[in-house]
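Chains here go by letter, A, B and C, matching the order in which they are written, and residues are numbered from 1 within each.
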Amino acid sequence: MTTVIRADGVGRRFAGRRVLADIDLEVRDGEIFGLLGPDGAGKTTLMQLLAAILDPSEGQLTVFGFDTRHGAEEVNARVGYMTQAFSLYDRLSVIENLQFAARIRDVAASDFRLRSEELLTMAGLENARHRRAGQLSGGMRKKLSLCAALIHAPALLLLDELSLGVDPLSRRDLWRLLRRHRDEGNTVVISTPYMDEAEHCDRLGFLHDGQLVALDTPARLRRRVTGHIYQLATSHLDETEALVRSWPGISSLQRLANRLRIQLAPDQDVPVDALARLDGLGHLVAVEPTLEEAFIALSPLSAPAVLPPPMPPAFAATGVEVRAERLGVHFGDVMAVHEVSLRVPPGEVIGWLGPNGAGKTTLIRVLCGLQKPSVGRAWVGELSVTEQVGQLRRRLGYMSQHFSLYPDLSVAENLRFFAGIYGLAGRQRRLAIDWASHMTHLTGLEEQRVDALSAAVRQRLALACSILHGPAVLFLDEPTSGIDPLSRQHFWHLILTLAGQGMTVFVTTHYLEEANYCHRLGLMHQGRLIALDTPDQLRVTLGLPHDAGMEAVFMAGIEREQRRAS
Amino acid sequence: MRLLSLLHKEWIQFTRDRVVLFLILWLYTVEVIICAYALALDMHDLPLVVADADHSPASRSLVRAFTESGNFRLVAQLNEASTAAEYLERGQARAVLVIGNGFAGHLLEGDEQRLQLLVDGSNANTAAVARGYALQTVEAFQRQWAALSDSPTPRVPPQLRIWYNPAVTNVSFVVLSMIALAGLMVGVAHPAASIVREKEAGTIEQLMVTPVSTGELFVAKTVPTLLVGLAALFPSLALVGWFGVPVRGSLPLFFALTALFLISAIGLGVLVAAISRTLQQALLLTFFGLFPLMFLSGTIVPVESMPRLLQELSLVSPLRHYLDITLGIFLKGTGVDILWPHMLALVLIGLPLYGAAWVIFRRQ
Amino acid sequence: MKAKRIAAVATKETREVLRDPITLGVALMMPLVLLLLFGYAITLDVDDIALGVLDEDHSPASRQLQQAFTASDAFRLTARLRHYHEVESTLQGGEARLVLVIPAGFQRRLARGEASPVQLLVDGSYSATATLVSQRALAVTRGFGRDSPASLLSLDTRVWFNPSLSSVHTVVPALYAVILMAFPPLLTALALVREKETGTIQQIYASPLSAAEFLCGKLVPYGAIACVQMAMVIIAGLLWFGVPFHGSPGVLLAVSLLYVLCTLGIGLLVSAVTRTQLVAMLAVLIITLMPSFLFSGMLFPIFTMPYLLQLYTLLFPGRYFVDIARGVVLKGVGVEILWPSIAVVAVYTLLILALAAWRLKKKVA
């Protein structure tokens, strides 16, 4: 075992602002090392330091024994670095992108042929060889980026947010490539916001506010919070939640579709009288902690665990039913959506799962009136999505995965703008903005410019902007991509509160554990709706144990469909 | 209310974009000043080499006649013409005046006398002007010389009057045309860039799910550029005063017609934005579109000097109409009664641009 | 410097350019559009000048004078005026650029052998046109009814290098300078800044590729485009407009390559210091394109500008290249005469490239 990375008191400042400080770290060869931390904790900066494309402001950092300041060339020759943004050339084909990556790193032509074949096959890209990178789906692009980073068989592979925006099927391929690379004796450093991904790492480093606050194996990190996690299955969520919130020392409270998950501070226990008072409302059991809970325990500055009760919107939204009958969207010969019928009652949170290209986004675009269906009809309440588009848009909220905000406007200006284009004015507008910003904890941030905000805050602002006008139906397209677990929990709490007030919510997500927040799940595959049911019922129909993870449910559903098709 | 919000947002974004604001100000002021000083002057100080083989008082007074007018600047005085060619080849002189041996003698005896002028034709414009100046100078010199003897006065003495610009200076023209040009560049480039930026950022999709209509979006994208374009006229008007350009017509009319012009220019920008997907494409297309429009407008070359076909093509350039309007209002004091065809033309150019952009947007 | 790595970058860059139809189209069409516009639109002579006539004499002599005007191609009678007060509106509306006023008694005075003046009223708003119009009109009137008197002095003008005084011949060589200054910097700057904006540049930083190798590779396709543009303009100029080529093509080619390196270097330098495409484009516009039009001597002679601005023009390499191109193409001179300008371009190029390589470090910040 030799040391690949050694950091001694490494720090970095940008224009006087500390982004990283006092990082001591040692990574040995053959390790998969995971970097975790909320948005803005300094993960990307650390990655750039390791790739020797950024110099540390203090301390010493060596990679393979070379100082990254003076031996950058030596380091560059030995690492593969995959950046967070897609680092592909859209106008080049898959194979041309790989070729470029190989040739600037002096890979011999014969080696290139062998390795590129091998990598493309492993990644499932062998049939896409001559397609332009710009035409690939997000998952395929990520796989191609990884292949490009692996093409010269680097002894150290650095991956920044590997799985951001990647569907579960592609994610499985990515990890297969990674494990094999590790098994060949190489080292991998990966940063990720996905906790299930962090589980696969040999060791994890927790970054918070530029400091490494924990460094351990996943199992030992989880053990730190063992005995402090409880689950409470109940059908009276509101009452139970109110009760539980009165307990002392709650470090987080997760409200799922049909249960609460409670995390107590390390020195706290369930109050003695609590069980009695919960009697009849639900059943409290101690459960195994997830890595996410370990993460929350490690965040020194937890956001307030107790959320303020939301004020009712100034113009209460009355929920409406969403219906679709044999909806189909065809692009030439491609059936993006095929024969989809559904009925979603008011106040339901419905999650759409499926691999990239399954038709989730197209379906949502139809329901928003952005895309005309080729066949079939759909209604939001009494409004037809094809004929009454104008009225329909007043009743809809839409939040895209890009958090479509104006970066050069402040928080308040964005809110005022979106309120205004929905026709809110004067007192009504003020009330709506107050309500939405209170609801999304934006109070106090009004004067900040959006481009200076972290992804988590931008996400809350995007949500605020899409609910200002009290929509009857809210569409969320990958709303939590790139968001740390704590912020994600808060976000979902908000969504469920809104649903409790009658708002119907459609969500697409690649982060399968989020499906636990949804009342019902729609599973899509190649344009078809292959299942639509509650998570528990899905487990039953697919023949899975009742505690099976969402990833298992997803895979089982897809596999069943593939069997049926063949 | 919707429209108001859109406008407010556009306005904030516009005023926050420091680089662009700086550029607009630059175009409307610094560029105008530089060009007015550099380009507005009639040609003078032409580098001249004299090869004087005569060395007589007469030949020296001829050379003085050349240099005293300010049209020529003496670079070198040679004794013979053989080395003069090199000055032309090196570009150190644009013209060579060759005065032959016996110049004074012939002149005194009243014999016909040939002078030679070698002109560097590599810049045809300069060459033609140099030739004209030389002819004038020689003629004047001759008249002076002959003033002793009586010469017939011309039978039809023309009384030339240049209206609207008695001194025939270029300054007014350059200042006004640069201001018009700035309006075109800003009017096309800014809305194009601002719409494509929303496309790239995905916010345009967000707007599509709101009740905002395409028409409202266009209005919102038009108004800020329009207002800034109009506001930028104020520093320009200060320059107009500074350079002594007369203001004979009505300023309110000028502002109103500038608005009309800017709207049609912005229409072009909106169309460019509808076509392009990326900022790079929008910028290149803007670039590609601006050149012919500029060229066909009469700012660089007078429309009258163009071949017939190009003259007719120039009617589609909004800048051409605007230039006529500007020159008309400032220099001639023209009013609506005469300018209305240009106004109509601006409307007819602007409307199809917006229409085409609207159709393309709708289809996406 | 490894040739293979440079080749990899060059191949990649070439493919990207070839697959962007809008960029490629603009790069290839623009020089021809410019050539056509300059070639056809810039003529020194004004033909078909719109002429208005106010004839208050109605005599054979006054008609003769009018004929003297319309007989040449220069004037076209567009308006007949009846009263003096109509002059104003005729000139204002652009119906005529010149109004000839022949007063009553014109013929009578002529018959008596007196001087018989006429008025020429010129629209001065387009000053360039006004100058040409008045020269033409003066020539016609002066020549009217006069036998050319024996002139004591005659000026024998010989125009060298461009005997026909054709403006196309003037403009085409200068256009090389403008086109090579307009496109290569713009394209390189945009290409590099785009890599910054999309983040692909980080991939380059993290590879063993050196900054110099990267820049060299980037230069290849844009240099090639520049050469194609240049060739198109030379050929179109030669075949379509009949612009002669007196000097050595080898010399022009060599100097052009040097100049292209220089302009590409400016593009690289711009992209090394800017972060967004919009700013890069504006910067390129202000520091390359405008000056190469206005301050290179292409259209406006530098010697006429105020002294300070003459010094300002020294900053832009376009001005030297205009001299070189005109020297080679029209004057047929070679290095022995042009070396000072060539030397300046060479030094300029070296400085720019060194500066660009120094600015583009392989670090994020």
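What we mean here is this: a residue touches a chain if its C-beta (ideal position, glycine included) is under 8 Å from a C-beta of that chain, and two chains touch if they have at least 3 such contacts.
What you see is a predicted model; the values in this text were computed from it and never measured.
Enquirer: Of the other chains, whose C-alpha centre is the longest way from the centre of chain C?
Expert: A
Enquirer: Look at the interfaces A-C and B-C and say which one is made up of more C-beta pairs in contact.
Expert: B-C is joined by more C-beta pairs in contact.
Enquirer: When the centre of a chain is set as the mean of its C-alpha atoms, what distance in Å lies between chain A and chain C?
Expert: Whole-Å distance between the two chain centres: 56.
Enquirer: From the mean C-alpha coordinate of chain B to that of chain C, what's the distance rounded to whole Å?
Expert: Computed from C-alpha means, the inter-chain centre distance equals 12 Å.
Enquirer: Can you check the complex and tell me which residues of chain A touch chain C?
Expert: Residues 14, 48, 51-55, 72-73, 76-77, 79, 81, 83-89, 91-92, 96, 99-101, 103-106, 132, 148, 158.
Enquirer: Any idea which chain B residues touch chain A in the complex?
Expert: For this pair, the touching residues of chain B are 1-2, 4-6, 8-9, 12-13, 16-17, 201-203, 205-212.
Enquirer: Sort out for me which residues of chain C touch chain B in the complex.
Expert: Residues 22-23, 26, 29-30, 33-34, 37, 40-50, 65, 89, 91-94, 97, 110, 113, 115-131, 134-135, 137-138, 141-142, 144-146, 149-163, 165-167, 169-170, 173, 186, 190, 194, 277-279, 281-282, 286, 290, 294-295, 297, 299-301, 303-306, 309, 323, 326-327, 330-331, 333, 337 of chain C touch chain B in their complex.
Enquirer: Write out the stretch or stretches of chain C touching chain A in their complex.
Expert: 2, 4-5, 7-9, 11-12, 15-16, 19-20, 198-200, 202-210, 362-365
Enquirer: Under the stated contact criterion, what part of chain B meets chain C in this complex?
Expert: Of all residues in chain B, those touching chain C are 19-20, 23, 26, 31, 34-35, 37-39, 41-47, 73, 85-86, 88-91, 94, 107, 110, 112-128, 131-132, 134-135, 138, 141-142, 145-146, 151-166, 168-170, 172-173, 193, 276, 279-281, 283-285, 287-288, 291-292, 295-296, 298, 300-302, 304-307, 310, 324, 327-328, 331-334, 338.
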